[in-house]
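Structures given as structure tokens follow.
In what follows, chain A forms one complex with chain B and a second complex with chain C.
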Partner chain A sequence: MARITCAALTKKYGDVVAVDALDLEIAHGEFMVLLGPSGCGKTTTLNMIAGLEEISAGRLSFDDAEVTWTPPHRREVAMVFQSYALYPNKTVRENIASPLPLRRQPAAAIDSAVAAAAAQLEITHLLDRRPNELSGGQRQRVALGRAIVRNPAVFLMDGPLSNLDATLRLSMRGLIKRLHQDLKSTFVYVTHDQAEAMTLADRIAVMRGGLIQQLDTPEGIYERPANLFVAGFLGSPPINLIEGVMAGGAFSRGGWRLALPNPPADGRSVTLGLRPEDVMVAAPGLARLDARVELVSPLGSETHLDVVAEGGLKLTLRVPKEWRAAVGDQIGFGIDPARLHLFDRASELRL
Partner chain B sequence: MNRPLAPRVTRALLLTVFSALFVLYVAGPVAWLVSSSLQTEAQITEVPPNWLPPTPSIANFEAIFAASERVVTYENRRQGEALTSNFLPSGAANLLPAMRNSLVVGAWVAALNLLLSVTAAYAIAVIDFRGRRATLYVALATRVVPDIALVVPLFLVIRNLGLINSLGALVVTYLAITVPFTIFILISYFEGIPRDLYRAARIDGCGHGRALWHVYLPLSLPALVASLTFAFLTSWNEFVFALVLTQNVAAQTLPIIISGFIMDFTTSFSFVNAAGVIAIIPPVLMAVVFQRYIVSGLTAGAVKG
Partner chain C sequence: MRLGYDERSAALLVAPVLGVLLVVAAFPIVYSFWVSLHDIVLTRPLRRPFVGFDNYLRIFDDARFWTAVSRTTVYTLVCVVATTLLAVLVALLLNEVFPGQRLLSALLLVPWATPSVVNGLMWKWIYDPTYGLLNGLLVQVGLLERYRVWLSDPDITLLLIANAAIWKQMPLAALLMIVTMKAIPEDLYRAARVDGANVWQRFVHVTLPALRPGLMLVLVYETMISIRHFDLFLIMTQGGPGDASLTLSWLIYVETFRSLRFGTGAAMSYILAITTFALSWAVIRFLGKRI
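Our next item is the complex of A and B:
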């Protein structure tokens, strides 16, 4: 039971506008990820939804009730912090139970709720320890327990996996996704990690400088980036950006021309985006472009090639692991014009 | 790899010598106080001094407790000879009541100081309101004025409040001294507590009162104990304001009464020293009881470790 509506939500710290008139509607039961580089206003947005930061301007509603001025303890939200924020003087059991006594529940109900949460997170054996006797992953499970024990309508998470090592992050990601499927609450999840965003989100809001750059499904964000920033922020290795101009209905850079399906007007300065995986690599001479291999980065599952193509064009390509290349090799590759992204160079918007 | 022996020995030696000098400097007067309280007047004034009592005796302490049973009048106040330690200052009987006054004032100051400072420090450290820094600066600025400059205005205020010669006058005055410092100390302690703990508490359903009680106080035990001790000691030792604001034995505290023992013509060092020993017992007890609470590291494991 919670649809979150942010209407022109703004946060100013003195002259610094941390969040700039943000409009965002998060559906009931949705998994919304706020994604962006450090300092873009993700945490501030989340804290305003939680009630931890005063809202400078705008309106915040849960369902149809305005909560702009409601203090956090009256908002029925649970939150998980990057720093875990466990009470160091309390045991795991007390930490998980901490939201409950304040809500005047009977002791037996508290015990069974804590036991259920601990079982779900597989931390039953840790209940009598204190936070400083736990590993990072265990601490974050306790923090999750403290959140789910309340069965909240809204779940807020501020980079909950950022302090964990890579393997742990992967398994915790799965845990959080299952949690969302079980609880059916509304999740708002903040991260700067695109892989987390892509795997977890129903929809992603990509932020920069306190503004939402694009709001879409993970596929939509990846396949139809709204501007150069979004295109560059998602994808690993990052998208290749090639600057050029439109001439005769084709993209033109130096002597190199590429016919496009729906070309913009001639003379326009544009940037072409080419994802490293959107190429067909072949033997030299057989494809559209020839290039020389400069760097080979095998990842096991796939290989990344840094190449220099005709006209000094530097590109990163993603090829199957079977493709054995060595530095200095000549290769050829083809581009499917339908998979290219074209941006206006001045406005940086997608064309 | 072994370091050469000589520098290590030198280092240890230097450390020992300087530590010993420091201990002597700090503890010397106290040791002399205790030692001399167990000596007769003649032994105290001998040259060279007796560092240890030649014939330890608790006669001086007996005199203190005897004094409370004897009425000192103008006629009998000169009884005994200073040199044979039978001399009792005229105010001797006031010593134990003054001790009681000091304890009462100290306890109130310590308790109220904590109550006022904790709430003020929480507000300034945690709640974002206009003028939070200014509040602190104003509070601290009051402590820049030397006490002696405040004596007369304070006397007038207290008199107009009708509090002259009451313990309340001292409690109010001492709070004005201790609260600004305590707020300052607690603010820096509270600001060292991870902000996310406060946020978690708010999310978990705590208003400000509960956040203070459940998060800030348990994690600030060392600072709270230090504040308690600081306030009590300030009150226990204070002299100038007590001298002006209390004019009879009903409200006079230990420093006033003990200083009254030092007279123009005859002073019984042995009696004053015994009184001094009694005066340091409560602070010493306090230090012993509280020192085990003054441990840091309570916040370990709160956030990413």
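Our next item is the complex of A and C:
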């Protein structure tokens, strides 16, 4: 196990700043997910932690030892790649064992380590095959096996499930989570998939443009997004963002007014965030939103409604499957003002 | 089954090409075999008795033939091994990013684009005993005391010719290696580095396995062309000095067009062709699994 400390970690490629003075402390045995859109610097951060990418500025420490300049194999890390990165000419057994001979261990120890890892990942029957005879999910299990045998202090995973189909991704997600519970090592996991991040993480670091936008638990990130970007990045369907101004202690857009608890000063331009699931049947004590149904998308477990409210405001809402809404229906929705998110329009920060 | 309109017009369209192939490929193969079974000597054009495999037997009794076999073996081995090793080294170098790497990659193709006769003449000049670049360079650097007649030294003639051949055929092989190397996923190298593999282990475990198909192609191709090289020998040494560069192709040329013994010449050609075929097959069959 190891505690990882990134202090003002920076990576520059010429003029491009891929990672910009990143501060991050990852606790012993924590499952940290780096989440963000493509090109935000997740892989670069992970590669710096692995030692695969030279650090332009800043410090990296494992526990209390600085490892900024330590070569990868002396860092006690194991890495799993999106592309699996298995040796194509080696069997599964040889692939899993590949980190071990390099570390000069006796043959019997290697055999039992490989057998144990294979059993844990349920790939014992595949040990004599080669990677090109395996499915994507099986290949990624082999890659996980290669990481496990090293018994590393830190697991680094760069989008390990991104190349898999949806069903497989779901089961592999469970596998990785169990692995973390069993091994109790520190995990740093990179993904652009919010569902993966939410289900796996102890804490999520949402990144954009080489900067951490928010660092919090999955609930914290979802319930209290720090800015518009984080609010928009998490949630499916995405959060509804409604632009307006503060007037008389209420959010106001056209003729629609919505009284808020702890309202900011009047005249401020703000953006209101409404999660699609945060609507109810209109009731006393709730703010009211009248809208006409444009599109009904039943998903079985729930229903998505595309609606148009006063002033041409388009929203997407998630309602229980029992709601039998039809296109053209005029519906009065209830909104709990306490569940709304308010952002400053200029700074995009949460108010 | 009757041919439909489409099949018939297709056959019609292919027919001219088939005809040409028959004339320029199939006919010479068959005809040269027929020639190899007859005692045809052009100084006595009207007498051409059928002798069966006598020509072949006579060749195997000919000391010159075995000299040529040994010269050809040495020459081909040197060409193939050096070309392949150099191609991998050059590819490893040019696969790195450094200033001037693109220019060097472009320059690499110059020898390959040089016609083989021009290449032969160029190296003949370089080796020239009076004006040659090699003499000039070595004497000026102080490695050599006085000018040497390079190509007249029977111990190195074959190597000097091989050098000219390698210079010309290495670039294409290197290019093939570079293309293959570019296709190796970077993640494989990263994984190997995390596992603690050093540069040599990364080469052996990641690069080499990926190069295997390309290496196969280079080995087979270089074997097939080196074993039959002719132009360089015609231009540079004509088989000399003595029989120092008497290879099979040169012997075939001498037998056929200087001694005008077409029967034995054709038989030698057949032996060379079959050997080439067998060697390529052996390389694919046995080395294919090992590399």
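In this section, the second predicted complex is superposed on the first by the 344 of 351 C-alpha atoms of A that agree within 3 Å, B and C clash if a C-alpha of one lies under 4 Å from a C-alpha of the other, contacts with A are read in each partner's own complex, and residues count from 1 in each chain.
Assume contacts are C-beta pairs under 8 Å (C-beta built on N, C-alpha and C of every residue); 3 or more make two chains touch, one makes a residue touch a chain.
As the structure is a prediction and not an experimental result, all values here were calculated from the model.
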item	value
Partners on chain A (chain B, chain C) - clash or fit	clash
Partner chain in contact with A:N163 - chain B first, chain C second, else both or neither	first
Which partner reaches more residues of chain A (counting touched residues only), chain B or chain C	B
Which superposed partner A:L272 touches (first chain B, second chain C, both, neither)	neither
Contacts of A:G136 with chain B and chain C, given as first, second, both or neither	first
Partner chain(s) touched by A:E54 [first = chain B, second = chain C, both, neither]	first
Partner chain in contact with A:A18 - chain B first, chain C second, else both or neither	neither
Set of chain A residues, in rising order, touched by both chain B and chain C	47, 50-52, 71-73, 77-79, 81-83, 85, 87-89, 98-99, 102-103, 146
Of all residues in chain A, those that touch chain C in their complex	47, 50-52, 71-74, 77-79, 81-83, 85, 87-90, 98-99, 102-103, 146, 150
Contacting residues of chain B [partner chain A, same complex]	128, 194, 196-197, 199-207, 210, 214-215, 218-219, 298-305
Residues of chain C defined as touching chain A within the complex	185, 187-188, 190-191, 193-197, 201, 205-206, 209-210, 212
Sites on chain A touched by chain B in the complex	47, 50-52, 54, 71-73, 77-79, 81-89, 98-99, 102-103, 130-134, 136, 139, 146, 163
